[in-house]
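Just below is one structure, and these are the notes that go with it.
Chain naming follows the written order as A, B, C, D, E, F, G, H, I, J, K and L, and within any one chain the residues start at number 1.
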Amino acid sequence: MSVVKSPLSDADLKVVGEALQGALIDAVDLSLVAKQVHWNVVGPRFRSIHLQLDEVVATARQHSDVMAERASALGVTPDGRASTVASSTAIKNVPTGWIKDDEAVQIMVDALVVVIGRMRERIETTDKPDPVSQDLLIALTADLEKHAWMFQAESRQADNP
Amino acid sequence: MSVVKSPLSDADLKVVGEALQGALIDAVDLSLVAKQVHWNVVGPRFRSIHLQLDEVVATARQHSDVMAERASALGVTPDGRASTVASSTAIKNVPTGWIKDDEAVQIMVDALVVVIGRMRERIETTDKPDPVSQDLLIALTADLEKHAWMFQAESRQADNP
Amino acid sequence: MSVVKSPLSDADLKVVGEALQGALIDAVDLSLVAKQVHWNVVGPRFRSIHLQLDEVVATARQHSDVMAERASALGVTPDGRASTVASSTAIKNVPTGWIKDDEAVQIMVDALVVVIGRMRERIETTDKPDPVSQDLLIALTADLEKHAWMFQAESRQADNP
Amino acid sequence: MSVVKSPLSDADLKVVGEALQGALIDAVDLSLVAKQVHWNVVGPRFRSIHLQLDEVVATARQHSDVMAERASALGVTPDGRASTVASSTAIKNVPTGWIKDDEAVQIMVDALVVVIGRMRERIETTDKPDPVSQDLLIALTADLEKHAWMFQAESRQADNP
Amino acid sequence: MSVVKSPLSDADLKVVGEALQGALIDAVDLSLVAKQVHWNVVGPRFRSIHLQLDEVVATARQHSDVMAERASALGVTPDGRASTVASSTAIKNVPTGWIKDDEAVQIMVDALVVVIGRMRERIETTDKPDPVSQDLLIALTADLEKHAWMFQAESRQADNP
Amino acid sequence: MSVVKSPLSDADLKVVGEALQGALIDAVDLSLVAKQVHWNVVGPRFRSIHLQLDEVVATARQHSDVMAERASALGVTPDGRASTVASSTAIKNVPTGWIKDDEAVQIMVDALVVVIGRMRERIETTDKPDPVSQDLLIALTADLEKHAWMFQAESRQADNP
Amino acid sequence: MSVVKSPLSDADLKVVGEALQGALIDAVDLSLVAKQVHWNVVGPRFRSIHLQLDEVVATARQHSDVMAERASALGVTPDGRASTVASSTAIKNVPTGWIKDDEAVQIMVDALVVVIGRMRERIETTDKPDPVSQDLLIALTADLEKHAWMFQAESRQADNP
Amino acid sequence: MSVVKSPLSDADLKVVGEALQGALIDAVDLSLVAKQVHWNVVGPRFRSIHLQLDEVVATARQHSDVMAERASALGVTPDGRASTVASSTAIKNVPTGWIKDDEAVQIMVDALVVVIGRMRERIETTDKPDPVSQDLLIALTADLEKHAWMFQAESRQADNP
Amino acid sequence: MSVVKSPLSDADLKVVGEALQGALIDAVDLSLVAKQVHWNVVGPRFRSIHLQLDEVVATARQHSDVMAERASALGVTPDGRASTVASSTAIKNVPTGWIKDDEAVQIMVDALVVVIGRMRERIETTDKPDPVSQDLLIALTADLEKHAWMFQAESRQADNP
Amino acid sequence: MSVVKSPLSDADLKVVGEALQGALIDAVDLSLVAKQVHWNVVGPRFRSIHLQLDEVVATARQHSDVMAERASALGVTPDGRASTVASSTAIKNVPTGWIKDDEAVQIMVDALVVVIGRMRERIETTDKPDPVSQDLLIALTADLEKHAWMFQAESRQADNP
Amino acid sequence: MSVVKSPLSDADLKVVGEALQGALIDAVDLSLVAKQVHWNVVGPRFRSIHLQLDEVVATARQHSDVMAERASALGVTPDGRASTVASSTAIKNVPTGWIKDDEAVQIMVDALVVVIGRMRERIETTDKPDPVSQDLLIALTADLEKHAWMFQAESRQADNP
Amino acid sequence: MSVVKSPLSDADLKVVGEALQGALIDAVDLSLVAKQVHWNVVGPRFRSIHLQLDEVVATARQHSDVMAERASALGVTPDGRASTVASSTAIKNVPTGWIKDDEAVQIMVDALVVVIGRMRERIETTDKPDPVSQDLLIALTADLEKHAWMFQAESRQADNP
């Protein structure tokens, strides 16, 4: 017998539970990736990017908590352990060592674009089964897309719009 | 002639007005029930539950205000008077006198589950007529489901997951 | 055997318990009435009265908590449930629908005057049995009389002093 | 090649971009109109309306920023320049000189009603193409409809409900 | 030998000292007059004017302190005693008893206009002898003229602009 | 017909009204006296006493507001005008010009002792007629007696305890 | 000749001085006892009780300061030294070593009940001689009785109400 | 008959009124221009300039309010409507679309230099007619010149000092 | 040539760099483990442990940042990526699914004891090579040992001290 | 079996436990002594010393908590009961009654010098057994030595440097 | 070609630049002198003067920043290096070693009087060339003259006014 | 006879006193150098470096105060006068005039590296004589090394890691 009685049917719960678990992993890894770059970035834009990355970390941490607690609230146990994150994240591994500022920006653009793509799929799949979870995914996506814009706006590509 | 010109058609307004009035009653009674338990709970977990209940009260009061003011904004006069709450609430009456902590948790689980069920219906009925009101109902439901998880997680049933 | 050992004798406790229970009901209903008017008031003075009423709500909520917790502290279980409030309040029922601003002021004057009268009796009856409870009732009455002055000062009657 | 890679298809982007640009103009002009009335209102209700208008300004400024940054995040450049606002706003021009308080209320009711109507259309058109942008438009509309209620509640018409 | 060595010549000090002492008296009495009206005002606009008057009190108290301490800083002992205020103020005595709201506004307009007239003379006389004191008088006058506008904007006269 | 309906009988009201009016005058004058000394004190202890006096001012201003608003709440119009303060205060007039720090302390001790004596009489006379007003007078007296202790503790007399 | 001139007669001062000195000792020892348990409590309810005890400490420290400064304000020198506290407290000595959570609750119930009993006597004895001191004792007692309720509500005895 | 009685002569008022109206337009347009660039800037310095621009917006909004309310306080009705801003601003129109960071800096340098030139003329013309208004224009100019320095310090030209 | 010139010799840097990298991994994994338990804990002590775990998360996150930035400051690039954490942590893997409260406490005791053991070794090895890094490790260890005490104090074992 | 498993060996634990228990007693008694002087000091410097002593109290209270909780974290039960403090403190007993300001300063110098001497021994004895505890003792000593300087700087002896 | 285009003519810029550079040096040295005395003062008034000096430091630091940034804003590079301060300050060198409190006050009076004299000259010379810079110098002088009064009020000379 | 009795032996005091005096000079000059660059930096990275430098200033000022007060607390009078700083600093003199951003970064790297080298020597020499002072030097060094990393990370050299 389950600990938390879900307000959703089993079928809906399966879809929503997977969406939330996926979003949790993406958000946790995004926070780890952003911290990794935050610590290792170098170059003339060091300070600006160093500070900007901590805002990504704050966003990712806050939403990862929302995703995990939403799963628990629906009766699905979330899994945000290091090994699970390492094995199931879709973000490309960040290289070790110092990271040039231009490269740092590109790493973040790539990571955010991948995660946003997956989030938009989750928004679609949760629409019917649970508009409440969908609303939380929408809020997370809005924040990620804002961060993605800002990194793109300062990437090499934007240098010649 | 009405005081506030509604942005909704009459048919939509009827549906949405009823949803908001119902949500208002549920939220007000939830705040009164939570306070009643807050004052009368006893047992080893007294302090923890006493504090947790005030967070339910805060949630319920804040959303009841949102529901009532949303009704007014649509031109429907809200009714949150004691007699209306007493006669139309769906929450089971709380017994008088001291309440053991285990029982307090169960009272809150029961009250929250009933209210959540009704809120999910309101989310559905308001989807087409007024996505703005629906959004407020979704936010309220998300908060209630989080509270419901927490009380279930500490209920007797969760003791043997 | 009672949960909380009262510092008062049984006779004193009966008097004080009734005073606190009565004050609790009055304070809770005052908060519900003030909210009802807060949501439904209309007229040129809408904004001013709308804001003023939330100050009454804050006062009433804060003191209702003090009254209920004081009862518990003396070993008397407080009862602030919707049905109890609805059946034992002395405040006249507020009409449904929009409320003209002048009428809103008058409703509050009437409600406050009734409650103040009952509070002053409670101050008297608790004087000997429990000066600690009396002190809390005095503080509550001082706040109510300040609100009563302000509504009277802006009522129709004050328009021709 | 565009600066910001949009997560939307070109067709969806066109619809959503127009909705956001329109909402931006409406929000910026609403902030300028509310300030104009804030500075020029006179009459017995001067102070109350003067203060209320600054809350409209705060709402309008905050959401105009959200609309513009959302457009940028989608890869569409927003245009909130004075000349664009002046030429494409749907709000009727405010007369110069002192504005009587009753008239001030009416100006705000009219401006809000016009803007709300357009916002509701934008909510509808963005529903399918981009639920994320739609969510931001819903939040903006909820705030505007609350302001609209308050001005209507204190307008001449509400004086005889 | 004086306690504080003035940076001004004796002639300049005499002019500036008188200006500051006069400004001190006006500011102290303005604070007492505004409080008197704050306590005794009645009528439909009671709350709005009651709150507005406390902002005048805050302004007057803050600047009276600046004026007095500026006098001390120049080596002139300030005199803000009740008897000195009563005998040398230029503000017309406020009547005792309740004050109708319209009348309250007019009392404040009259008091502010009188004080502003005297402040403008002080700005002129201190220009050459001490631009530092003049700067403080300018700041005080700017605040008073803002209050004067607000009371005039809500006075009977403004009702038919 | 009076603006504010008093909860007290006419006889009680007369006693309580006089006590509150007297306390108002004492509190207002105490604030003016303390400011006068605050600006004119000199001597090695200048800074300490200068700061201490602003705490007396804060106390006096806060309680004078309570006294006046309590009178209004009972239906008695308070009078805190400069001329009334000057003519009815019991505090000895402060000399003009610089005030030596030892003398400043003595002025405050004398002023506080006189006011405290009158406050204690008011506590007695209001006991039966209005325990609510009495409670406010008790709170004021407690604050004044704390200030009185502090000034006595640093007066010349305390130098040889 | 005394440092601080007491507003009380010698007879009254003796009674009130003893009450305040007694209350000071009780409050200081309560703060030390609560800290001792705060540091040594163990068991499943460790965290909850650990936190709750710091609220008792805060209450006891704040009121002990009020009691001591009130004594000084009346001209009686307070004595809150460790040796005086140790020799004159009425609270039973706490055992050394780890304290089980149930036992911790019982220790606090016992300590609070003893102190409350003595405080109620002090309220009675100070009623006539000094209503100002009595008011401070009443406020202290109200806080202690609230803490006592909370510990009783979670004690073993409350487990079977 | 005018709503607000001006403390200035008609001739002085004309000069000062024009200066304030001009300053209002410049400040409002500066806020719109800075926001436009804030939203559309791209390039490696995106984030730094994006943040810096919001400080210009804050400065411009705050002073535009001061200018407009100063005009009202003198009895001149301010005009800050979009159409008036668009037609009478002296700031060169900003191009639409993305703006390279270097170009963004230059746009702000140009806009600030133009506005500062006009402000310095206003400081001169208001010197005699109204030192109070002049003081507000001086404060505004000081802030603008600080912003102008910062943008120049990071412009292309400063790259080879 | 290295980006950051280390103030340490190569030999010392190797020792200190390894200590900091190890401490970083432990701190990051501790934050992930604590969050995992925070989301999945159930049982009567749910709320208390849920809250306590977020304090561990806050501690671990703050110190992980200090460790990583200290490594960078010494010229050693930190590695806090999910895969590195997963492969090199010394904390035992947490089971998936709901976690009973008693078990949750034990998981935290075990994790903290392991990490503390490794931290104490790092304190020793860094003593000579770099007292600055050692100081940061000492501060981290002090915080961990405080958390370890608290979880042990509420573990099953403490139930029978 | 002990409640808290110590990270130290038994021998080290004995040394460190005694150091922490001694530091706890000194810190608690310092807080009581400083409060005693805070309440009883008289003389021209009353206010300055009265305030300064509360900073000593805050320091002592904060560090006493750190010492006691550090002991618990190591598995040693702290003892801060009044009787233990009274019997094992090294601070000379403070005389009862009023304390002249010069004498108050000397009492604090003496108390601080004694405690500092003992703390420096504890820093030495804990260096090897537990650098974590030593670090906490160092921080406490730094604060005490700062307070000791300040009291010495204003003592009679410093009057003729 | 200059980095920052000055809004002033070359002739005016020379005068204003010298005034600002001089004010910068005076403000920086005042902050260093006040800190020197802050650290070395001894005597019965140690604490009072120690605290007062940090307010001078705060004033001097804040204005030195304004002066330097104003110079930069006008296109003149400010010079606040230790060697420049040491060689061009007008403040007499402070002796090393402990400073008796009376002497500390005199040092500050002397330093402030010298600096104020120079500031008043700068106010005069900048009046025509740049009223904006003059306004900043006036604000600085007002603050310095307030500090100068306070130190004089507590100097030996003020002891016999 | 010295003002402050040192807890150190004369030999230890000499070593520690010199270390603290040296650290004081370095910290004060670092604050002046950082401000000088803060005011004169130009180039594309102006804003980022301008802000970063104020964080160095805050760090340097805070620690210079700690160093000086620590010296006083040990009985050694600190010397932080401009002439002493100018003559004994080890930081290379900063050139006058505008400073290109790249050069600004290099100046800070150089200054920090020099100061850190000296601080590390002071940490070593104070280890035995006074672990308390050493702890303060360690904290200062940790902050400086963090700043040094950040400037190196954005220096030209880091551009090609």
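Everything below uses one rule, namely that a contact is a pair of C-beta atoms (placed from the backbone, for glycine too) under 8 Å apart; a residue touches a chain by one contact, two chains touch by 3 or more.
Just so we're on the same page, UniProt names per chain: A, B, C, D, E, F, G, H, I, J, K, L = DNA starvation/stationary phase protection protein.
Predicted model only: the values in this text are computed from it and were never measured.
S.K.: With a step meaning a move to a chain it touches, how many steps does the shortest path from chain B to chain G take?
M.R.: Minimum number of steps from chain B to chain G: 1.
S.K.: Tell me the rotation angle, 0 to 180 degrees, that brings the C-alpha atoms of chain G onto chain J, to the nearest 5.
M.R.: 180
S.K.: Suppose you list every residue number at the chain B-chain C interface; are over half of them used by both chains (same) or under half (different)?
M.R.: Looking at both copies, the contact residues mostly coincide.
S.K.: Suppose each chain is reduced to the average of its Cα coordinates; what separation in Å results between chain G and chain L?
M.R.: Distance between chain centres: 50 Å.
S.K.: Between chain A and chain D, tell me the centre distance in angstrom, where each centre is the average of that chain's C-alpha atoms.
M.R.: 31
S.K.: Using mean C-alpha positions as chain centres, tell me how far chain B is from chain J in Å, no decimals.
M.R.: Their C-alpha centroids are separated by 52 Å.
S.K.: Between chain D and chain H, tell me the centre distance in angstrom, where each centre is the average of that chain's C-alpha atoms.
M.R.: Centre-to-centre distance between chain D and chain H: 24 Å.
S.K.: Please list all residues of chain C that touch 2 or more other chains.
M.R.: Touching at least two other chains: 3, 42, 45, 48, 69, 72, 97-98, 135, 153, 158, 161.
S.K.: Chain touch graph shape: choose line, ring, star, complete or other and state it.
M.R.: Contact map by chain: other.
S.K.: By the touch definition up top, name every chain pair that qualifies.
M.R.: A-B, A-D, A-H, A-I, A-L, B-C, B-D, B-G, B-I, C-D, C-E, C-F, C-G, D-E, D-H, E-F, E-H, E-K, F-G, F-J, F-K, G-I, G-J, H-K, H-L, I-J, I-L, J-K, J-L, K-L
S.K.: For the complex, give me every residue of chain G touching chain B.
M.R.: 45, 48-49, 52, 150, 153-154, 158-159, 161
S.K.: Where on chain A is chain I touching in the complex?
M.R.: 3, 28-29, 32-33, 35-36, 39-40, 42, 64-65, 68-69, 71-72, 77-83, 85-87, 89, 93-94, 96-98
S.K.: So in the complex, the part of chain A that touches chain B is made up of which residues?
M.R.: 1-5, 7, 69-70, 72-74, 131-132, 135-136
S.K.: What does chain C use to touch chain D in their complex?
M.R.: Residue positions touching the partner: 41-48, 50, 97-98, 100.
S.K.: In their complex, what parts of chain D are in touch with chain B?
M.R.: Interface residues on chain D, with respect to chain B: 113, 116-117, 120, 123, 127, 134-135, 138-139, 141-142, 145-146, 148-149, 152-153, 157-158, 161.
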